[in-house]
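Input: structures, listed below.
Next come two complexes, and both contain chain A; in the first it sits with chain B, in the second with chain C.
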Partner chain A sequence: MSAEATLSEAVPPTSTPTEAASAAASSPAPSAMQRASTANAGTLQAGAAASGLSVDPRTSIALLVLVNILVLGGGPFILTLATAAFVAVLYLLCGRWRGALKFSVFILVCATVFLVLPRLVANPVTALVAVAAYWFTRFGVSCGYAAFFIATTGPAQIAAALVTLRFPRSVVVPLIVVIRFIPTVGQELRAINDAMLLRGIRPGALGAIMHPIRSSEFILVPLLAASSRIADDLSASSMLRGLGTHRHPTTIEALTFGTGDIFVCICSLLLIALRIFGGGIIL
Partner chain B sequence: MTSQQDNTSRLTLGTRDLVNIGVFTAIYYFVTFLGGMMGIISPIGMFAGFTLSTIIGGTVIMLFMAKTHVMGAMTILGLIIGILMLATGHFWGTVPLCAGLGFVADLIVRAGHYRSRGHNIAAYGLFQLWLIGPFAPLFINTTAYYEDMRGSMGATYANQMSQIFTPWVVAAFIVILCFVGLLGAWIGTKLIDRHFAKAGMVS
Partner chain C sequence: MNRGEKDMEHSGISSAESLDSGQSHHGNAVAHIDHVSFWYGSAPTRHSTYYTTAADDGTADVKRTDRATLNDISLDIRPGTITLLCGASGSGKTSALQLLNGLVPHFHQGTITGHVRVADLDLSTADLSACGEVSATVFQNPKTQFFTSAVRSELAFRMENHAVPRLQIVSNVARAARDGDIEELMGRHLNELSGGELQKVACAQAIGADTPLLLFDEPTSNLSVDAIEEFAGMLARLKRQGRTVVIAEHRLYFLKGLVDQAVLLDSGRISEIMDGDEFFAQSDEARRRRGLRSLEEPMVATAPVTEQGGNGLALDNLRFAYRKKAVLDISHVQFPEGSVSALVGANGAGKSTLARLICGLLKERGGSGISLDGATVSHRDRTRMSYIVMQDVHRQLFSESLRKEVTLGQSSAEWEAVDVPSLLKEFDLEAYADRHPLSLSGGQKQRLVIASAIACDKRVYVFDEPTSGVDYRHLIAIAKRLRSLARSGSIVIVITHDTELLRACADRIVTLHALSESEGGSHIQVESVVRQEEAEIR
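Take a look at the complex of A and B:
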């Protein structure tokens, strides 16, 4: 039994509703749970049969680091634009038209503002706007690829990649717990919100602004109490399924190096070459 | 099955510790990410958001330290926070920075034998320095960025901009955040006394 299969399966539903949830509204919690699990299954299928290009999760992780280093390191601006073009092509090859459109428009607008605006109207205000646009372009490219990475790589694939790459157990297990638990945090917060509404305490944005310390206490304490309990249940159920053993887990995700990976590698090498030899190019 | 931990600190991380690390990392990351999201409104909103998330995160980390008396817990928490920041498109240097500060926090907590409040509070305040990581690209490689600016807007404006965009404002803010972190951690210990110690959720 593999660690990632153990944890990506739902925990026994008895452990999820909190005190607040059961007091206030027990029905939204299971439905949210079901939604989360179907969404999870959806990403798993999307990962297995990505329309068009399929990239090994290990390649995706390596590319995540590479894009970050290329874009947020000291490379010239043209390297950022070249990386942006590569990320846009990846979006298109995976059939994510809307993502490709949003990403390209954002980067094009920011880059144009940076490159053209100070040349048209030269004054301190446009210079300031241009600097902001410059940083939006750089961070936009790294965040754009990160969004693509999260959208195309499911939790099971990430786990399989990390296990195959021989990451230590003490890193993989908490990381999988985090990925599994972040939706639960949102779910618990919604349940606490409902419970507070029932008791006539106004949470929401207005209440949080009026009484920041009080409302954060009212939200945080039940959240932490519920989470500690869920952590206990989660560790018990995962230990029962063999997480405590020190064997190297196997994985049900088939990891293969295919044409998609070759494409990504060639493009990455071109970008690295641009980083090394294109230092003098200034737009 | 109780949430009572054994009173002696151990040297190895058990499965329960690993799950605990995961759960508290998720909450801490959620809180920090919400704080950072306020930056979408304006940079000032981001400063306010990080201040608030530092205070709230204090309670999360204090409870985490009270529940997990193991060397390496903060290191792994930091490492995973760094990995999550990388996976959401932040600067890669955040990963080693977070893991390093987590290790330092671990050493401080251990020096207090996992029981000393002062040590735990100091460890959290220091750990909050990691928030400088996502801003680090503004600090390093400034010459390369200056070249880009000069290409676009000419030397005079590029000079002006490099004077306005001094990263020391950000650096000073992060140092202030450290002290806010101390305050947040202190509030955290009070909250734990009031709500969790009484209920027997921490030893």
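Take a look at the complex of A and C:
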């Protein structure tokens, strides 16, 4: 450990490509810096890197668009199934076993209902169920990939990808503000829920059904009061630190294309080929 | 790019530089405030409800444009010094601090006269991000000043926005982490950190920006005693390095020996400017007259508790776990009626979990016994008879008028039994009965929340950090309120880090240690408070 440490210490920080090394290079205590640098590596290549396949967030974003076009566009049903298989493989390669299982079971059940049910019993009811299952399959693939995307790509990575792709700041800044704000709103909602319970106002689904207007008012008034205060603090702090100042901000996240991206590209090309040339397939 | 080069230099050099450049203009000052007056709200659209500066009682009705928030402020901040801004809530110390970072008048808009210069930058002509390059600010609430979700990206945020090249950001971030002593936090996500750790990250971020001026806006209001000690250590380090610091604070004791000049504000005016040593040498009586918090580290004398039976809330074999992680395992503890019990302990020790269990917002594990006056109470019963006064009371005000707020959630038969006018009168709110609750000041909102809890006939009151960011007068008022609630036969539990509040009102202290670090021993400990002879409250 310590030999490694001295070695990286000899390298000037600017010339080392990975941040783990440069963090280590400027750290005085070997043990602390080992911990710090390994921890860094963990969060930095977040999510996907945790186990196995690492996909660049830019690829993930492009794939998000592609999957939706393929699945929700007018291609044959087999294309949806092929995309589903691809998404399931992505889940597996990232070591997300539970996600892979849930996703596969959902898609398999829906697809089976659509393909098999009308052939077993043909009547208007089963036809209706089959149509529903057809759309559930398509939207299921779309949502399944979206869930995978959110689980494996952190907000910092999404921002880094957009910055590196040179999206204008009028797109990037609002988007990261929204991403920043979602968990805060969640916390506030939980606290408001507690406060309502203690006041004997029934929150939750039942309350909302029984008194829809009253409930929404009771949730919205404190939520807006709390959110506007948080938003004020947050924008003061971020504007002072120059958010939105520079036309093209930089990012600390290192984005590099690797084998994971090649894999995703090949699979995507196959799926696109299927979309274009697969018109004759019956399914 | 220019900005990036500046970042590469070492911190000590940059403040020395600003010393030289400042010298030529206005006699050796990093920052210079020249006869500034400020009125909020000439542009009401940008006005935020939160920063209401109306005084707590009486004067809130005065039209705000009539009274200046800041009135003829003149101040020099010398290089290498620590300046303390202090005074009661609404005295303008936060606004005065915001003059220096440009939030006044660029963010909180209003009418301003006079001039502010920081390190040769005329803030009136600069925009906010330019203002942000001559000073760095640490805000009061650690939860709302972070923009990203991880420590590392938070440290990089400022440089990213100023388009500093990536490799340079990486090395600067590593240095900022080392200077701020947070290297062990670098890989962590912000939502896993304690309040003290979050404030360290905020400080590291500000220190690492290498600005001529460092500003702290009530930095300790959410910190525990230990975290305050660490914070004081960091200030001492900054002072040794020759950094220039301005700090607006209510809590004062930890600044002893660090402050070079103390600026006392009173309704928007500078009432006194004192030498640091002179300030901390003033008598206890003088500081109370000035409405200041304790200048000495507050201590609470405790004695082992003599368990009296009697009525109250008793927890026996209380166990609770989130999924598989055990959080609480309490063999026995009692919160007697008629007394104020303080619940203290480090972040993550399970204080808020215990509070939510007591209020029935969480359901205890099987085999646990929670009883009131000897009778077992289910979590539903507890929700009916208990109440939490939250730290952020905005979350628990729902109605469009005070009158309606008090009787909210009750059946018509119930609210006819409540004497709303006299209840409001008791809490000194009768003049505002038809006002919107959000238009009240912070202290008034808190009183309204308590009044509405009393209208619901609650027995158990849990207060979550009721005195964070609160001045001496309000602290005493809150302590009195807790005592009178207890006297009326309620069970009062207050979760707090604030030793001054403990000293002022607690009868017993219940300390909770994190379950994992107290293996073998009990992780809950009860002591009774030995009253000081002064008894400020009673």
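The definition used in the following text is that the second predicted complex is superposed on the first by the 232 of 283 C-alpha atoms of A that agree within 3 Å, B and C clash if a C-alpha of one lies under 4 Å from a C-alpha of the other, contacts with A are read in each partner's own complex, and residues count from 1 in each chain.
Just so it is clear, contacts are C-beta pairs under 8 Å (C-beta built on N, C-alpha and C of every residue); 3 or more make two chains touch, one makes a residue touch a chain.
Here the structure is a predicted model, which is why all the values come from computation and not from measurement.
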A:251 in the overlay: touching chain B, chain C, both, or neither? Say first, second, both or neither.
second
Check the residue A:228 against both partner chains and state whether it touches chain B (first), chain C (second), both, or neither.
both
Counting only touches as set out at the top, which of chain B and chain C does A:57 meet: first, second, both, neither?
neither
Counting only touches as set out at the top, which of chain B and chain C does A:130 meet: first, second, both, neither?
first
So in the superposed three-chain picture, is A:197 touching just chain B, just chain C, both, or none of them (first/second/both/neither)?
second
Is A:239 in contact with chain B, with chain C, with both, or with neither (first, second, both, neither)?
both
Contact-wise, after the overlay, does A:99 reach chain B, chain C, both or neither (first, second, both, neither)?
neither
Intersection of chain A interface sets (partners chain B, chain C)
176, 180, 184, 217, 221, 225, 228-230, 232-236, 238-239, 243-244
Within their complex, state which residues of chain B touch chain A.
1-3, 13-16, 18-27, 29-30, 52, 55-56, 59-60, 63, 67, 72, 76-77, 79-80, 83-84, 86-92, 137-138, 140-141, 143-145, 147-154, 157, 160-161, 164-165, 187, 191, 195-196, 199, 201
Note which residues of chain A are touching chain C in the complex, please.
13-14, 19, 22-23, 25-29, 32-33, 35-36, 38-40, 42-44, 154-156, 163, 176, 180, 183-184, 188, 191-192, 194-201, 217-218, 221-222, 225-226, 228-230, 232-246, 248-254
Inside the complex, what are the residues of chain C that reach chain A?
48-51, 101-103, 107, 128-129, 131-133, 136-137, 139, 141, 144-150, 152-153, 156-171, 173-175, 177-178, 183-184, 186-189, 191, 209, 356, 359, 361, 383-384, 386-388, 390, 392, 394-399, 408-410, 438, 452, 456
Provide the residue numbers of chain A that touch chain B in the complex, in ascending order.
64-65, 68-69, 72-77, 114-115, 118-119, 122, 124, 126-128, 130-131, 134-135, 138-139, 142-147, 149-150, 169-171, 173-178, 180-182, 184-186, 212-213, 216-217, 220-221, 223-225, 227-236, 238-239, 243-244, 282-283
